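Both complexes below contain subunit A, partnered by subunit B and then by subunit C.
And now, the complex of A and B:
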């Protein structure tokens, strides 16, 4: 099995996770979506040197992973997969910003390194929150929540189609790659040039398929509107979930909890 | 009811790139008939099927569903009465779950919610796929996908069923199940297929296409007995009517069965 197919099965695994039946899974998707957005907004709004204030935010992904019974290692692997993007954004900070900010004995740490770590922290927190949201709710659940919350339907439908046909596209691409590797016998199989025509082929196939899907939709009375409405209930449990977590987020955002706790402990001593 | 009549008069279609799809095709299919559309690859079967509910509009000639010629004005009504099952179920199943997919047609028809649910359960029961109702389509096996694709059409309760290669890519048992299912439908059926044995089982009438033209139109059994005609159209006798490859004898039971088969 090549890596593309492996990743495909990996994405499907998220849907399997979403079909679990814990109290968190049963919550209305909107509640989880609002909480996640709130979490991301709070984390992102912190200043670039405020690493210590980000640490308490770890509590949200940790509580979610434990109570929704999600596999920590799997989520970690998914995060590492996208980590290079964040590293690329932050890697030049240590070179540009060389003013020393913190002194640990004789070692001084520059502002560049601190802001680099803060980018990495922010990345880990926000990406893990998004991954957790999808593993608890399922991609389609998130889409339906978006629609209920008033996001224009064309956007939502685009997302749903993207998710539905992502699998078909990957499968088609994987088949092509397999056909190529079977006839290239350990050599590089015409190299990069080949990939251009392969991509072109894939694009043409996709266009053809899009046309066939459109026909299939027209045959069943499609008139520009896709029915994805589902009865959802935003009840007491959902309100409690959103309120408690929002309270915690605002608290951690407004006060530097590690410092406060340190002061309290120092005061007692 | 005359809704179920399909009539083509001198139908012609040329693709935008100049390839001739179908050429001077005329036929009339009446209520409750079950017709196989056979022909070699590229004979124009799929092109013809796409005309039956206005997916393609002929460059010349016309097609009538019921009493009216198909045109842009009545295309919606026609699509309501002609249900089309595509060759590749992946093209047909585009919604996130099987339920949504089967409900897509009925909702677009404007049915109230409880009737939509009824239709969905009934359609899924008919094809034996009730247990798949909450699964996402991409996780189904080939046979399951095909069953659900048929259910999506049945849920719209069409008068005429049009199918493109319904038995392709199915394992023998699923294929047999499909044949039973097709036989149980009372709709007018038009089935394009390479599976001549299935055609023999399901359809009393066969239309043979070759290079976009009709080369024969008649009772299935007499057409499949005409070896010269089949060879000319790039086909061969269905396996069930060929001699046994080991004992080199015609199966006498088969012969009697085929020749005495009364059209229903």
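And now, the complex of A and C:
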């Protein structure tokens, strides 16, 4: 039960993060969305046994976290919370793929471990990119970017509605749960029978609420679409942001920078 | 159940994204055309309800675990397939953005796995066929349980397929299948039971809520069939087009489809002994070659590689210079971050 309110708190906290006013927050959401998608595609397109080429990609989340003044530890904690699935599937790689690939002195590292670390790096990079996007843009910003980029309006409106009522309904659900746990002793009443009437009641309330909302919207002239009136400008700054990061991503994607640096160092020595 | 970015190749992720985009466009059009605008707030609020419902759970006797409502089937029953698909897609988008469930690239996969199968396969083909407008507890329960189980089985199977074709995980196809399907059988039964119970509850207390969607469902029979067929055709077409478009990507890099297949087939024989020689040779060679194309490197290699075709080229980072360089890059990245931080605090001070 605790987790419900915690989730709610999380969403609200990320909203507060999105309301900061740094140069990155002020960028057009479209620029940030495009860059994030490109970053994820570039990271994911790397081969299964790549680790070294993935390292330079850390620069993007890092620069974003620092310049947008995002709390690093908080984002890290959120990432660790969702790690189990990637670990669960990834951990089979060391077990299945036992061909040694690297020899460091007498120690040999199997391909499985390398691909496992590669999966974990992919995981951290892609997840952090998504979390950074939302905490420096805000959900409504992302929705508006989606609409401007041609996503059908019913879907965008649906997303915004969902987000608006998420808080209301989670709070309602949490209230119900609290009431149930206060009245249940020795885990009585936590079974299927009461669960269904609890859920059914919540659903009925939800439907009523939807009807009230619809009536209220009709009174205000709702005709099936929600006009979004916020000027968005894809100007010089946005173009510069997208171009610079694209250049960095393509550079790190096509050249193995760590190896190049290592070679230069080896050459000097 | 959520597919993750970390296990996905761009070809698979892109294909599923295209399929999802096509479905969203089609369903949006359908919702705009067919349904009264009353459905729009209803969809949004019910999407939020799914979140709340997933947080309310019940204890499953004798197992010590707990279950909760899954979502897509009840949405399909309440809203009809098109609105339900859009609602499920929006729920998964919020989950991907805020809870990092899955990820942005995997979002397409997740929407197909958890939205397309229940809304466009299980609901019209299974639930409707079983219930046929006979809204009695017996038929609702049978229909909901069977369609929920099949929906989750299809979804789980699709996760396995996507993982397999991406080729990032080394888990063999059959093992992964054996891991996923039984778990989702159990989840499917729980989901079916909860869905059925909630639908019956609604039917008993407020039958008129189910009536409109029933009439939509039963209304224009042949028309309905036709539109489902269109969804299928659109889905297949989008998948094929993008699949072909992205295939250069898949074939240019060893993480693609062919590579995954050759890897799983050649997997067992790979324990051959020359690996030390091979890896040291490639390690030396990696120092000289820097082009990203793996095939380029292996063709230059001497005959030893021929016996090792299924082997992916060794990551250049495995060589010592890669390790040193990797550490240095990391330091450099942290240094840049440090400078930006200093600059920022200097600005605010």
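The rule we apply is simple: the second predicted complex is superposed on the first by the 245 of 269 C-alpha atoms of A that agree within 3 Å, B and C clash if a C-alpha of one lies under 4 Å from a C-alpha of the other, contacts with A are read in each partner's own complex, and residues count from 1 in each chain.
What we mean here is this: a residue touches a chain if its C-beta (ideal position, glycine included) is under 8 Å from a C-beta of that chain, and two chains touch if they have at least 3 such contacts.
Because the structure is predicted, anything quoted here is derived from the model rather than measured.
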Partner chain(s) touched by A:12 [first = subunit B, second = subunit C, both, neither]: first
First, second, both or neither for A:140, with subunit B first and subunit C second: first
Partner chain in contact with A:168 - subunit B first, subunit C second, else both or neither: both
Subunit B versus subunit C as contact partner of A:217, first or second or both or neither: both
Touching partner for A:209 - first (subunit B), second (subunit C), both, neither: both
Contacts of A:182 with subunit B and subunit C, given as first, second, both or neither: neither
Partner chain in contact with A:107 - subunit B first, subunit C second, else both or neither: neither
Superposition-derived comparison: subunit B or subunit C, residues of subunit A touched: C
A:44 touches, of subunit B and subunit C: first, second, both or neither? second
Residues of subunit A that lie at the interface with subunit B and also at the interface with subunit C: 160-161, 163-165, 168, 209, 213, 217, 222-223
Footprint of subunit A on subunit B - complex, ascending: 50, 53, 55, 76, 79-80, 82-84, 86, 88, 90-92, 94-97, 100, 103-105, 107-109, 136-139, 152-153, 156
Subunit C partner contacts - residues on subunit A that touch it in the complex: 3-4, 7, 10-11, 14, 36-37, 40-41, 44-53, 55-56, 58-59, 62-63, 66-67, 69, 78-79, 81-82, 85-86, 89-90, 92-93, 96-104, 109, 111-112, 114-115, 118-120, 122-123, 126-127, 129-131, 133-134, 139, 142, 151-155, 157-166, 168-170, 172-174, 176-177, 187, 190-192, 194-200, 202-204, 206-207, 209-211, 213-214, 217, 222-224, 253-263, 265-266
Residues of subunit C that touch subunit A when the two form their complex: 2, 4-10, 13-14, 24-25, 27-29, 31-32, 37-38, 40-49, 51-53, 55-59, 61, 69, 86-87, 89-91, 93-94, 96-101, 103-105, 163, 167-172, 175-176, 193-194, 197-198, 201-202, 205-206, 209, 249, 253-255, 267, 270-271, 275-276, 279-280, 283, 286-287, 290, 292, 294, 311-330, 332-334, 336-337, 340-341, 344
Touch list for subunit A against partner subunit B, complex: 12, 15, 140, 143, 160-161, 163-165, 167-168, 209, 212-213, 215-223, 225-228
